[in-house]
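Here come two complexes built around chain A, the first alongside chain B, the second alongside chain C.
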Partner chain A sequence: MRNQFKFIIIIALLVAILVTHLFTGTFSLTWTDLLNILTNQASADVRLVLFEFRMPRILVVLVCGAALALSGLILQVISKNPLADPGIIGVNAGSGFGVVLFITFISGSMSQHLYALPLMSFVGGLLTVLIIFFLSFIGGAFKSNIFILIGIATAMGVTGFVYVFTSVFDETQMEMLNRYFAGNIWGDTWPFVYISVPYILIISLFVFFRIREMGMLNLDDEMLTGFGMNVNKEKIILIVLSAMLSSLAVSVCGAISFIGLIAPHISRMLFGQNMKILFFSSLLIGSVLLTAADLLGKLILAPAIIPTGIVVALIGGPYFLWLLMRARQI
Partner chain B sequence: MDRKWYPLPIVVMGILLSFVLAMMFGTNTYSLNQVFDVIFNLDMTDQSHQILYEIRLPRVLGALLAGFMISISGLVLQSVTHNELSEPSILGVNAGANLAIILAALLLPALPFIGVMASGFIGGMIVGLFILSMTRYRSPMHLILAGAGISLLLYAVTDFLVITFNLGQYVAFFTAGGAAGQSMSNIALVFPIAVVLVIILLFLSKELDVLLFGDEMAVSLGQNQALYRRVTLTLAIMLASMAVAMVGNVVFLGLLVPHIIKMLFGNLHRFTIVYTGLAGAIIFVLSDMLARMFNETPVNAIIAVIGLPFFIYIIKKRGAKYA
Partner chain C sequence: MILEAKGIKKSYGNRFNRTEVLKGIDLDIEKGEFVSIMGASGSGKTTLLNVLSSIDRVSSGHIFIEGEDITAMKDKKLANFRKNDLGFIFQQYNLLDTLTVKENILLPLSIRNMKKGEVERQFETVANELGIHELGGKYPNEISGGQQQRTSAARAFVHQPKIIFADEPTGALDSKSASGLLNKLKQMNINSRSTIVMVTHDATAASYSSRVIFLKDGLVYSTLRKGERRQEEFYKEIMSTQSVLGGVGVES
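And then the complex of A and B:
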């Protein structure tokens, strides 16, 4: 099959998921409602549900899925390991740490500090990845396997450490933290869209301008140095971009793993190794996966809602295991 | 008598000392006299005696026992998998035991503690063996990624069950890890089993030493390595899953303690099993004491603070092997 057809199919799938997402939920909409909105005749209820509840959530999920996928793609390229994922190497745990600091030291409800929470979550995730990254240099060279090992350990350790603060938490604070770790998409109102979506798009653009370098990083580091490339510098730039993408996504979506692992992998299976195509297909597939997971979480146990992060893990986990079993050497 | 047994009395003294310390300090501090009175001269009409005997004593003993089991489990797993980073929680044993315990609580609410323990064992065993057979003892990297991935998946399933069936209270305890809420009858049940398992491991210490040389060497020395590997792994996973049933998901302990002991005492299992167990008990009971003093912080937090830098140190030191 030609690449164009594959892209068309993926986009069609995405559109189908988005439309279903728009229409279903506690308050289901119909085609007539949609028609009414287009012709400006819809009731206030319908407008409220569509513009204040459904649209912002869909936008956040759509863009964060893409961000996580792109972040995973970058990590996989840098670490030369097809199993790297921002969630597995500690971004979620670091962001969780930021969230816990927020809950502990900033009193008041979330709506009073709309920007502080994502900001702290973002800083936590970013700092964690940077620390892990700088610990992974041995003898002046970046060691990708060490990066992943330290990342996994940090994810474990920081998650444990996060619970230091929970001893002083009351029930609502504890619930907030649990919601974060279950990957419950809390940032589903317009203000969250404004603070996450534009930045994710801008950072993705920066990544797009480094696609050529990303493609080359598949080669041996010594060889690249021989070609005159400053490998460490490129890796640092890319890892900062990747960490920014994933921690931005996680700061509005909660702890979501596996998207960054699966989306680039499916892209590679479908489209091969061309980095430019991989870039776009990972973005799209990431969006498809997260919106689909969000939709399933809404539908499976309706009216109860399963946190999106759990749905992602339930789908992504088996896929990950299958990858592991096939992998000849890592 | 081997020279390496000389420090044993000191370590045993350490156990006694940490026991007394852990009895004394916590949410409330008690005097040395009160602790001795509780042990030698119990007076149940005294309120402080009651608290010490009914709440703190089981907790301290439970922590000692759990630390003992988790550390030995980590040691054996490291030897058998030829992997310095093996540990029950890394191999997914904790996540498996955790899920099985939740399932058991869901399906058979009136299950006695021994049933909880058994279901934890079955869960931990299935997951541990699954990961090991799937990665076929390949690279440490492979094993750890598999463990991390499958743990994420199993915790998601656990979370799913918890959210759907409103088990929050019951589960928070297992994921955070902690020695609170032990009872003497549970300890009386686990203690003999743990001792028997460890004695069997001690009898197998020569075989474990040979396994450490590598599989080819083991075969050429005429050892039925497949058999011993299976037996020792089963024993290690049993120890770890019993500990999960008691104190929840404790991370890093099974990694940290064997490393310290191997640095001090070399690799012969007949020493390392004993010292690892005792040192693990000391470290865990003291961490639990600190946790109690810091406002009932989960004990994982305390261990993570010590364990994470240590883990990073090991990785950086042995870096060349994994890079």
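And then the complex of A and C:
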């Protein structure tokens, strides 16, 4: 009962954010506009703003927030470390590297290569995680904590590489890169919705069918092996799913950290450890966090827009520190 | 003969830095036996148990369970074999906080397709034998350590495995809960003719078994059999062997 109540509040919050999002911005809409839309009498302007600008952006942010949260939840489960986050283990750095390669070697404006940029970002993120993953097998068995450590180290190394490339960048190239690292939601038109949302939903569905295994991963590996589970295989599948989710998300949203860390954490505080509940609550809370950050970025300094990734970092950074301090005390 | 190990060697590390933990161990375990493995800390008890139970692979040697060589089995078959024929108890209770005692016990059965009535009956049997039937609806954090470990033992027995492997099952328990658990294990061993292989560094715990195998420097150092003796006498002999061996009851 209490859990249902909490879910209702979160969903209500999400709806409130989404509605505010739809109506506010450089071109604010009114209730009359909404009514007109519903009765098919709205002006072309209103329709353009709502359907071509606001809707795709909201959809991308909504689904990517959920994807980052789920990606983080998976990493935390397999590493048995509640501080794991896809941004920490190199997804963002790898995606950034893909972006840098794109900027360096593919000239021309972004609109000419609508899909090339997110594709390279996706491949960069995914490849980095997979490389980290295979490195962590060196020395025999796969150890999740080693995986996280190698991830952090690789993330730093790759970021260094990125800056080496930037030394030859001109101003426009630099600006493109900064847009990525600030977590500007660059993919906020329908084509980006089509290349990200369906895949994220499908991958999430795959994860849904492994909730049981995710819950069991709390047990020691020996015990799970005793139950006949192929623990390494299970972890590999989950890591790949997690890497795909976060790479997809950052390839259309830009480098966004902390959602994967914070959303599962809030979920645990609210709902406890039940994996099925954590799955759904993390998705929802991830959506709430990213849409709220996007909304705040749009409203705080309006008409100026603060990149969403920066808003997330401004809130996420202190939260992460607070978590670390608390972990110290216990 | 339910378990037969021949020339078991196991080393850790890489080409440049190798340590041989098991240096050639032979042992035979009869069906229905309750065997303890003892030895100083770091002598390779856990390593031996893990290779015997196929959780870990041997470096060389062969292990036969009911005549079948598990060192030659493919991963998939091995996983199935573990799931169906082996049960495990570890020092950590390894219970899922989000499941009730009953759900935890039934975990090994929930992985396979089994009729509900049959599942229910299996639960009744083991839960009654281990004296935790009335705790079925509770969660692990609502019961004592001893009760948690009996839950973990019930889970190891619930699918009627051929062999139960236990690594320091009493390591985290006070002496009263420990003797409670050991009595139950012994009772299960006698009543259901289940074979138990238990690693322990505690002479009292070992005295519940019918045979004690001592490890030293990666080899079997000696073997004691209880025979028809009383438990106290067996305990004394275990103690004296242990003191000759050194490393009395010290475990990290």
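Here, the second predicted complex is superposed on the first by the 324 of 330 C-alpha atoms of A that agree within 3 Å, B and C clash if a C-alpha of one lies under 4 Å from a C-alpha of the other, contacts with A are read in each partner's own complex, and residues count from 1 in each chain.
To be clear about the criterion, a contact is a pair of C-beta atoms (placed from the backbone, for glycine too) under 8 Å apart; a residue touches a chain by one contact, two chains touch by 3 or more.
Everything numeric here is computed off the predicted structure, so don't read it as measured data.
Enquirer: With chain A superposed, do chain B and chain C clash or fit?
Expert: fit
Enquirer: Hey, in the superposed model, what angle do you get at chain A between chain B and chain C, Cα centres, nearest 10 degrees?
Expert: In the superposed model, the angle at chain A is 90 degrees.
Enquirer: Touching A:166 in the superposition: chain B (first), chain C (second), both, neither?
Expert: Only chain B is touched by A:166; chain C is not.
Enquirer: Just to be sure I read the superposition right, which of the two partners does A:230 touch: chain B = first, chain C = second, or both, or neither?
Expert: In the superposition, A:230 contacts chain C only.
Enquirer: Of the two partners chain B and chain C, indicate the one touching more residues belonging to chain A.
Expert: B
Enquirer: According to the stated criteria, A:325 is in contact with first (chain B), second (chain C), both, or neither; which is it?
Expert: The first partner, chain B, only.
Enquirer: Just chain B (first), just chain C (second), both, or neither: which does A:275 touch?
Expert: In the superposed model, A:275 contacts chain C only, not chain B.
Enquirer: Could you tell me if A:25 is touching chain B, chain C, both of them or neither one (first, second, both, neither)?
Expert: neither
Enquirer: Determine, under the contact definition given at the top, whether A:222 touches first (chain B), second (chain C), both, or neither.
Expert: A:222: touches chain C, not chain B.
Enquirer: Compute the least Cα distance separating chain B from chain C in the superposition and give it as a whole number of Å.
Expert: 11 Å.
Enquirer: Can you pull the chain A residues that chain B and chain C both touch?
Expert: none
Enquirer: Could you list, by residue number, the parts of chain C that touch chain A in their complex?
Expert: Spelled out, the residues of chain C in touch with chain A are 14, 50, 53, 55, 75-76, 79-80, 82-84, 86-88, 90, 92, 94, 96-98, 107-108, 111, 165.
Enquirer: In their complex, what parts of chain A are in touch with chain C?
Expert: Touch list, chain A to chain C: 139, 215-216, 218-220, 222-223, 225-230, 272-275.
Enquirer: Help me check something: in the complex, which residues belonging to chain A touch chain B?
Expert: 83, 87-88, 135, 138, 143-146, 148-150, 152-164, 166-168, 174, 178, 182, 257-258, 301, 304, 306-307, 309-310, 313-314, 316-318, 320-321, 324-325, 327, 329-330
Enquirer: So in the complex, the part of chain B that touches chain A is made up of which residues?
Expert: Residues 85, 89-90, 134-135, 138-139, 141-142, 144-146, 148-150, 152-157, 159-160, 163-164, 168, 172, 176-177, 251-252, 294-298, 300-301, 303-305, 307-308, 311-312, 315-316, 319-320, 322-323 of chain B touch chain A in their complex.
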